[in-house]
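In what comes next, chain A is part of two complexes: it sits with chain B in the first one and with chain C in the second one.
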Partner chain A sequence: MAKEKKRKAAEEAVDGDDYIEREDKKPKKQKLILASQIKNKEKRSAVYAKLKHEKRVEKRKKIKARDAASKQALELGEEPPEKMVPRTIENTRELDETVCRPDDEELFAGNDADEFSAVLKQQTAPKVLITTCRFNSSRGPAFIKELLSVIPNAQYYKRGTYELKKIVEYAKNKEFTSIIVVHTNRREPDALLLIGLPDGPTAHFRLSNLVLRKDIKNHGNPTSHEPELVLNNFTTRLGHRVGRMIQSLFPQVPNFRGRRVVTFHNQRDFIFFRHHRYVFEVKEKKEGLKDKKSKASQGKTEKKAIARLQECGPRFTLKLVSLQHGTFDTKGGEFEWVHKADMDTSRRRFFI
Partner chain B sequence: MQNDDVIWDIIRHHHCSYMAKIQTGNFCRNPYNVTGICNRSSCPLANSRYATIRDHDGIFYLYMKTIERAHMPNKLWERVKLPKNYMKALEIIDKHLEYWPKLLVHKIKQRLTKMTQYRIRMVKLSKKVREKIMTVPRKEVKRESRREEKALRAAQIENVIEKELLERLNKGVYPDICNYDEEIFNKLLDKNKEEEQEEEEEEAEVEYVEGDYELEEELEDDIEDMGDFLKANNFDDIEGDEDDLEEQPTRKKVKKASVSYPLKQDDGTEKVRRKDKKVIVEVERDEDIGNRQHNVM
Partner chain C sequence: MPRTSTVESPGCPPLRALTTDSLGLIKVVEVRGKGGGTPQVVETWGPPDASRSVLATSYADRKKDPVLAVARKNGLIEFLNPLKGDVLTTIKASESGSTDQSASANDLLVGLHFFKSKQEDSSSMLGTLLTCTEKGKVCIRSVGRSDAPSDQSIDSPNEWSVTNGGHVLCSSLDPSENYALFGGKHVELNLWDLNSSKKIWAAKPPRPNNLGISIPTWFTASTFLCKDDHRKIVAGTNQHQVRLYDITSQRRAVISIDFRESPIKAVREDTDGHTFYVGTAIGDLASFDMRTGKMVGCYKGKCCGSIRSIAKHPDLPLIASCGLDSYLRIWDTNKRQLLSAVFLKQHLTSVVIDSHFTAQELEGTKPEEPTSQSEVRDQSDQEGNCDEERSRKSKKKRKDAAGKKEKKMKMHDEEQISGIEDPAEKDWIDELPISKRKNHSKKRGEKQLD
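What follows is the complex of A and B.
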């Protein structure tokens, strides 16, 4: 405090022109003591609590003002002031030129010519071979059992010590359309290898956050009807390709009576897998609750249709590690996309 | 002067830096040792005439040391390249070590055998496909798990799925899904065709009747039971009575029943069955019902 006073005195003596400015600055300099600079804990916490309270009050005032303004605008029949949209990572995602556009001719042509078109156009029924890595343990078999119940027309073969390339040949001979290899590491399923046949692309996913059916509360039991597929947010070219690959695992004619839906939801390059049974219901919603004071429009019930979900089956997340052009060949294959550490540097850049 | 015995004495009883003592015996770490055991006859330092086979990049070399070169450590070991063919290598060994002690030659041939065998095994193994274990730095693992959590929270999966399903319902993707309320059902039909509006009003009337229906149900219970009981004996009387008493409302009830029968499968199956019986009894409105169902499809 003494030093500040001296400084004040010095400044007063020096300049006449900047006098007014300095005067304004001086009281600010005196008042600005951060709550974190107070050494006494009780006093410090009291000051901080007061600060927080003030901030909260201010925030509430702002919100109220905003709401009142919009309400007023509505009542007057004018346009309400623009609603503020919070900034999210999805909003501020880096511009990606490979995002598929709905009118892209090239994309559709590509789709016709790609490896999955046979299955997706229902010329062949999908037939899936599930196997594991050489050493399978603990949660692996349980997970595979559940996968078998999710994917219709899937078969499990024990791995033995066969080389993967030999397995691919074997599957080709038996006319499978895709192979799924579940890889276990430290007694937990760790990675999923999706090989399309014949000469389909090979996608290597990292598996995480696996929750088995028995660990889900109030889980449902899936039936054997063909499920419906929901593929969300596969926007870029790469995403589109991966989406089609996943689509080719399932039969293209879902049985709606079974009311089973399998979802692959892509968010920030993580593909979340969910398996639900759904039911449509009617929910009564009372309109005009807010105008309790106005006697009109009371007891007006509006019925809305809602969908209710019951989760059944496993729950896991996938992250694409690499996509290779032909069937499994790590040494000589041509990789379309490989995840490199370089790609993680920006928080707003996603590839699928 | 080289005196092997003295050297051996010193090495064995005092200290040899190549000696490794294990539970099962003494081993020699000297790379020029033929057998690998710390022995008077196998020690390369304590034998002035000695030979070994060593492996360099998959090629075997025969190394020989003689007492004439003992004073020139730089030029001590003479090296001969051995061919990959086992038999030819044996011949070459025989040629070079012709006048050497038999024990040493024997040991060298044994070593050659062992080395060829493990060379074959190594080549086989390298051709086999093995999984390579790659480690991921912990920082990356943690980063990924953090990002995954945040992505999960941002995704709001259940809401998105529900929205998607409702959208599909509204688009009419589901032709024969059968478990939603008929009023919503009607709304959907409204959106497509206006003809349904008239029937909707009739439906409203049916709703009004519904209350009576519930009351009558209790009566029906008894009547039905009686009906069942009497079916065993007499067929016509009571059923006829039922028809007369409840003809008017049943007509519409039947209509409603026919519509809701396929829809409300889950709750009150007993009710459904009763309605079913009603449908069978009343024949009049069948055509309309049939029509209606076609419209629905």
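What follows is the complex of A and C.
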């Protein structure tokens, strides 16, 4: 059988070299046994421990070599070898054509024309109405209390048995600029509905990972100064729109003396909410401990200004489920963006 | 059933589409190159201004003197040359004859239809126009060109009211342009004869169900089903129902289909007279066959925003859909597959396809072509030359499956170019390079081994 195979191989191979290579490869073939295929636990764990040790030794060698090479390059005055950047999902995100460009005139025109421009241009002050769904929830009231302290000029109204469409009308009459509905599922706040008024878009977010102020260690107490707003990473057109919607909840004149900052950080379509108080401190950096590695000359104390953060307020995560064009009307309304299951085909595609 | 056949190379055949959006911009998207090109935005017309947001469009898809009529939110109706983008004339939506100015200020235009076939005197008159406002005021008037002498007598506009209460949301003109259809919120479908300005048919709401509950009337999209037949009407409602009405048989809907759970925002008939396409407010696009009353299939392509408008290419098996997610998508109707999507940055309100676009026009003299064509058009005595030029180029462009041609009605352009012989009908697929059309169409047995 083997001889026949060899003959066939000889016929098929175009190059004489190919044939020779094939013969050479045969004796080198070894059977690799995976540690996971050994049935005996003692033997298996011993083999695996050995494997791990080998890998660790190899890794340490690599790091040492890398450090030595960079040190040598620095001493010689050459450029150190390039630092290796780990590959992350954010690094390898799919190229999105909907990303906002800074030179896009249409974007600015669209911003001027959209529903939030009145608030964002400070023509009207934001006025927020917070309410809940009809069901009771254990952490809901505490969450709403904290939301009231985070968002200035927010008012809480009990839900009663009013229909949401009626509540929207009522809020329009009272000149509110947005409504927040905290929706509850299984007695836990589960979703956030952000309705812009008078005919602004409705954003439906799913709320998760809620941590209340009392559960945060060493939390701070927020003051009533207007907070600064930090919106990170809202790059696409949809993200830009959602970012502007969130921005329209807060007044546009932050009080910097209050040293209060609210952050909405978008990463992989999850929006992380954090609320901090910060303080600037001047820290004196003493030499001595890190003498061997630092390049700086000895005997100097360097002064650095550092910002220290103290977290206050709730901590939660939002994920956009749908963005509807008008006010709340799930049955009869038009959707600008809806999450559909067949959008999730790629692990490296994000929409916000 | 899972999809058993796919379009191998999802590129578009040469086509040109114009889209309008909520900032008043008109974007021209073209696909160049014969073998599966990607669409690109070629031109953008108009300054971005929200008060000039486009409410309704009508495209006179003629070879000679095509006109794109656009109704804007600030009350103006503009007529543009779709090849160059220059404004031919602008008129005000509200006529000077209307008595109550304050009422008409809030009355937005809902429907706009430009009569394609009625064109008596091309030098001074642009054509006739049918407009319909939200409160039901319908007006037919003739539009003169901006450079026409002002002492030309223009026919007095013909106005009437379609409904007392309720809002008109959809209107449609039948292809023979003798009948017009109106429907809306609390407005039942009405069919009017335009020559006599009389209502010849009105729909009746469906019977209340066994609990005695009747659904309020709310038509959001409507169209005539056949090109040569004004008697069959397809309408979509806010309650996710699609209904077929037949004027000759009864006033109630003949067939009523429930489609998913969102309001039907756009309905477009196919050229074969029994298929139509439906787009909903959540982004679902599907095609239905009215002979059986069943859905043929859904178009899956990650469309996540409300579909505002669907346009069918008169010759090729293509549809274009645009909507609030700011994408213009081009689909193949045979395989129900997405051919390509273009991101257009604004909420799109309507799309029209220019069927007289050929790739031949672009080779070499691209910047000169549009100007020379328009020059030719302006001079009325050179109409004959223009026809021949267009016909030479559209000869190669004429591509459709042989089977469909029997069912199709004669197009306008075919009528004009009667004298020229037709070369062998070519499928646009045949123009693709061989490597790309490996597994395409026909039978699976013919698949080539590679």
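What we mean here is this: the second predicted complex is superposed on the first by the 302 of 352 C-alpha atoms of A that agree within 3 Å, B and C clash if a C-alpha of one lies under 4 Å from a C-alpha of the other, contacts with A are read in each partner's own complex, and residues count from 1 in each chain.
One rule holds for everything that comes next: a residue touches a chain if its C-beta (ideal position, glycine included) is under 8 Å from a C-beta of that chain, and two chains touch if they have at least 3 such contacts.
This is a predicted model, so every value here is computed, not measured.
Touch criterion met: A:C133 reaches chain B, while chain C stays clear of it.
In the superposition on chain A, A:L309 makes contact with chain B only, while chain C stays out of contact range. Of the two partners chain B and chain C, more chain A residues are in touch with B.
In the overlay built on the shared chain, the residue A:M343 is in contact with chain C alone; chain B does not reach it.
In the superposition on chain A, contact of A:A69 is made with neither chain B nor chain C. Using the contact criterion defined above for the overlaid structures, shared-chain residue A:V57 touches neither chain B nor chain C, since it reaches no partner.
In the superposition on chain A, contact of A:G332 is made with chain C only, not with chain B. In the overlay built on the shared chain, the residue A:A113 is in contact with chain C alone; chain B does not reach it. In the superposed pair of complexes, A:D104 makes contact with chain C only, with no contact to chain B.
Interface residues of chain B, counted against chain A in their complex, comprise 129, 131, 140, 143-145, 147-148, 150-152, 154-155, 157-158, 160-162, 164-166, 169, 173-181, 183-184. For chain A in complex with chain B, the touching residues are 88-90, 133-134, 163-165, 208-209, 230, 232, 256-257, 259, 261, 263, 265, 267-270, 272, 274, 276, 278-282, 303, 305-309, 317, 319, 341, 344.
Of all residues in chain A, those touching chain C in their complex are 97-98, 104-107, 109-110, 112-113, 237, 325, 331-340, 342-343. Residues 22-23, 25, 47-50, 238, 261-263, 265, 281-283, 300, 302, 304-306, 324-326, 343, 345-347 of chain C are the ones touching chain A in the complex.
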